[in-house]
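By letter and in written order, the chains are A, B, C and D; residue numbering begins at 1 in each of them.
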Amino acid sequence: MAPGGTGVLVDMRGRLLSEVAARPQWAGIEADLAHLLASWFNRGFLVLQRIDWRTPALVLEKLIHYEAVHQIQGWDDLHRRLDADRRCYAFFHPALPDEPLIFIEVALTRGMSASVQALLETDSPLVDAESANCAIFYSITSCQAGLRGVSFGNLLIKQVAEDLGREFPRLKTFATLSPIPGFRNWLTETAPEHPALLPVLEQFDAPDWHRNGAAATDRQPELTRLCAYYLLYAKNGHEPLDAVERFHLGNGARLERINWLGDTSPAGLLRSAGMMVNYVYHLGDVERNHEAYAREHRVVAARRIEAAARESLLGQRGERQPATNR
Amino acid sequence: MAPGGTGVLVDMRGRLLSEVAARPQWAGIEADLAHLLASWFNRGFLVLQRIDWRTPALVLEKLIHYEAVHQIQGWDDLHRRLDADRRCYAFFHPALPDEPLIFIEVALTRGMSASVQALLETDSPLVDAESANCAIFYSITSCQAGLRGVSFGNLLIKQVAEDLGREFPRLKTFATLSPIPGFRNWLTETAPEHPALLPVLEQFDAPDWHRNGAAATDRQPELTRLCAYYLLYAKNGHEPLDAVERFHLGNGARLERINWLGDTSPAGLLRSAGMMVNYVYHLGDVERNHEAYAREHRVVAARRIEAAARESLLGQRGERQPATNR
Amino acid sequence: MAPGGTGVLVDMRGRLLSEVAARPQWAGIEADLAHLLASWFNRGFLVLQRIDWRTPALVLEKLIHYEAVHQIQGWDDLHRRLDADRRCYAFFHPALPDEPLIFIEVALTRGMSASVQALLETDSPLVDAESANCAIFYSITSCQAGLRGVSFGNLLIKQVAEDLGREFPRLKTFATLSPIPGFRNWLTETAPEHPALLPVLEQFDAPDWHRNGAAATDRQPELTRLCAYYLLYAKNGHEPLDAVERFHLGNGARLERINWLGDTSPAGLLRSAGMMVNYVYHLGDVERNHEAYAREHRVVAARRIEAAARESLLGQRGERQPATNR
Amino acid sequence: MAPGGTGVLVDMRGRLLSEVAARPQWAGIEADLAHLLASWFNRGFLVLQRIDWRTPALVLEKLIHYEAVHQIQGWDDLHRRLDADRRCYAFFHPALPDEPLIFIEVALTRGMSASVQALLETDSPLVDAESANCAIFYSITSCQAGLRGVSFGNLLIKQVAEDLGREFPRLKTFATLSPIPGFRNWLTETAPEHPALLPVLEQFDAPDWHRNGAAATDRQPELTRLCAYYLLYAKNGHEPLDAVERFHLGNGARLERINWLGDTSPAGLLRSAGMMVNYVYHLGDVERNHEAYAREHRVVAARRIEAAARESLLGQRGERQPATNR
């Protein structure tokens, strides 16, 4: 009832979450707040807004602050991300004006993007939006720690895909360009049982290994196959080990392509061995894919990724993955 | 999640409420919806909007439709109620655009209004708002049957009183001009035990009794005293029998004045014997009054109303009412 | 520079115009104001706004006040004119907020309307706008006497036709339903030289002549032919005598059809002998038609109207009208 | 009439002005455009808008681009200039959306600012706006070359002063902090006739002369007196030689104080010998001051500036300046 009360409760839950491990007696109130906020932040109350260069600086500044996936290097970087061949959308709640809850950054491209650095260059060439055939979701950021567990991302991706499809009838492909945040860690943890992996790991010790053309090229096929194996067979219980993969498959997306050196930033090299994945959202299939995933945790993937996984150093261990269509 | 879903649920509860008596198996879902709607329609999400002649016709038309206390006789009547010496405010919810939840009509006057017909005349003289010293809340209407029990009226009155006080620093009195909807019914039901009341009741049989000057004037003192008695001593359990009185006393208002022939409309004559009450909201006292009412059901009333009640035909039956300040 | 100054100058010119005949010494300042207002109210500054049931009552009330062609009988009448199968647009100027300069009322219909009463009935059946193939401009009203001679109507019709064509791709015909305000007057003035017209004029003396089925039907052919003759051959210098005709032909419209008993209101009977005309705006032809009219005052008309004129009582007097295409 | 036509004409005049010296045959069309634009950009059509951190980035970016007096060093610098103790306002024209015509930057301060660098520091301490007693206009920038000669600055200063006075009743002083752009040039041109000025000029040859404490302090009294002399007696015809001075005196401001080392930027040192002036706008006096200036070119100045001028190296040459009040 007090003015600004909604924001105070969201922040309060953010603080509770960050300390609840140390103070288990707070778990009850955290759970109550989670229940309340899930009711208050239901989809019917959220407002989708386009973010562009007409948006108040007050809000734009927050995007710079919050962007977690590919950090925004100041206003020029932001301006490029809001240019004529880009789109950015956010959900807002009427009781939290000027405060984005989640936002997504989209590039309109010809062909499915394989490298995020190519998109992020502030002097990257402008694409004529009318002629684009792909919409690449290259970043999605949740802004409010206090709304953890209140899921908006799925809804945001689908509504944006629908809106863009209406605005640009030539768009044929809606796909992400996503990190594989657990890949290198998994390699390291798997190596002790699989000595064949050791030379693969060693290459990462060389400084700037990815820039060393010949050596890098040599390693590409095996690393790509291992990545395919990781995405298809590395599990946590019945679900994929990779958190980003779980999110998109759970939404009904399809694992479409692995991109060698898709992200050569320090973080990209460290966590994803420089690789990125395209998850494709085909609006006609997401419902069925989502069902398949929800019921059987089936990883809907392109044939060539399944083939690559089978040919990897680790062979066909893992549980059998039933063939998927196409 | 579906577009318009909030409105659908409000309407659904409206229908459930209207039929739950006949179908008791619906009580559970009605209660669940009541809980959900109380969470969704909390004060933090409501938006107070001024309604005036700039408001879209789409919304104004709904006021004409919903107004329940003093029916609006078309657009000319509405225009007078939105003129320069009037104010109208409504609460809206962001998920129900163009749909008022509750609205209040206010007249800025010199002196505390005693007759609602004087306010409602479409050709009543315009008061210079800057010189007004009273704000008279002469109608408050809840619009959504499906939100019954989710209380907005108290908040609306207080916020409007605060806003008006800021806009017009000369306003000294914030008061309602309210019906006494249970008065005549109570008279009828009480008469069998109190034969002295019979002549009072008989007068109502005469057509246009209130227009018959001499007769009406004769009856004024006794009817006014009985009305005071009713407001102070007629109870339902510990609470006043009169629903409008319960609402305003519960909000912390004070029973200030009884107005003979304050509402001579057919409905006013039928239910309130033509009388109206001013309940005064003195923002410095509402908290204390509210507490006194909540704890002891004390009816905070002006001295002269207490005196009138004691002198009525029915004398001092009822439970003793402790003296109130001023 | 003073606040509201623009409106004051518009009103001042309105007063000057109404009195300049009596006070010729005011002509100079009137001309200066006309020059200034033509500069200030140039098309680049005008804002086209849709008027609908969401428009503030403040503005809607002015439409009721200003509508000159087919008077608006209160709010219910207005509501029908703004319903889902109607459109209304107005030009506003940023320095005159809430003050329409000119507005146009459009009905979306199946087939080209022949009767304005059928459109104006408040209980006329609603047409599904998506299935309409005609947009009928049935009223266009200039609101500001002080802007006489600053022409907006032409621009308004064309921009509205373009906007509607984009919103409703099925619309094939953009046409007016217009009065013929000089027709009866011309008949009366022409009769002395043409005794054959006398019986035609006499019929108008019968009360409710247009309701007298048989008699009215008898007269229809001849009256229609005379109307065609009037529109094609009655001149004021080189231009058509009829002011409405001059306006639409000057805009590049084409005289398409004469509608017997198209307007049976008292004013319609008195001025137009109950008849109305459809002028068609074919956006592909207006430029050429406008040129033909501007250069040679050619009346671009449908063949059947030319044929009817030739067969009228008055035969082919008038100047020869060269054949027009289609 | 064409969309964007107003902007095209403004730009066209801008280009004409920049080349008319070389192509005198363009003077006629330039003059016609000047007449038209003066009519179109009259005060009644301009919209005053506050610029703050809620303004679209699209507009803020233009301030960064246009600011001519004290260049804006990117978004952090701009943010400081729009913080809680600052105000920025611009005039816009409805036909040129998002395009500021002129903007003014104001600092709310305690005491009249003497140094612009102190205001421009991005980490300068925030003043509590409610406690400020001065509004310092420290920059005013005309944005549209094509509107040269269509004067907005005078109106902007006065309207902003009025609005601020209403918002912050504690503000007592409305003053500029202005450069003296012609001062050093005048010193150089005057020196040949006045050898006593040579040592003054020589000091400017020393690098960082203003940072050399002792030497700078030695020179302060004489430079300040010469500056007073320049402002009071250096003329171009009957008007002050200094363009900024002409503008503010013409508006009715009063020459209040000379600030030693008020602007130590390279441009400030080069043109104004590091000094700045406060011109005070006392709303009760501007009309009279403006009249005095318009009729007699009287330089309304504080007594101590007149005293300083008389004591300068150049003594009391120049025309006698009649004493001014206060």
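By definition in this document, contacts are C-beta pairs under 8 Å (C-beta built on N, C-alpha and C of every residue); 3 or more make two chains touch, one makes a residue touch a chain.
Please read these numbers as outputs of a predicted model, since none were measured by experiment.
Undergrad: What's the minimum number of touch steps needed to get from chain A to chain C?
TA: The least step count works out to 2.
Undergrad: Using the contact definition given at the top, which chains are in touch with both chain A and chain D?
TA: Touching chain A as well as chain D, we find no chain at all.
Undergrad: As a test of understanding: of all chains, whose mean C-alpha position lies farthest from that of chain A?
TA: C
Undergrad: I'd like to verify one number: the distance from the centre of chain B to the centre of chain D, where each centre is the average of its C-alpha atoms, in whole angstrom.
TA: The computed centroid separation for chain B versus chain D comes out at 60 Å.
Undergrad: Measuring centre to centre with CA averages, how many angstrom lie between chain B and chain C?
TA: About 52 Å, centre to centre.
Undergrad: If you average the CA atoms of chain A and of chain B, how far apart do the two points sit, in angstrom?
TA: Each chain's C-alpha centroid was found; their separation is 56 Å.
Undergrad: Do you know which chain A residues sit against two or more other chains?
TA: none
Undergrad: Help me check something: in the complex, which residues belonging to chain C touch chain D?
TA: Within the complex, chain C contacts chain D at residues 1-3, 5-6, 36, 39-40, 42-45, 47, 94-95, 155.
Undergrad: Which positions of chain A touch chain D when the two form their complex?
TA: Its residues touching chain D are 53-58, 60-61, 74-75, 79.
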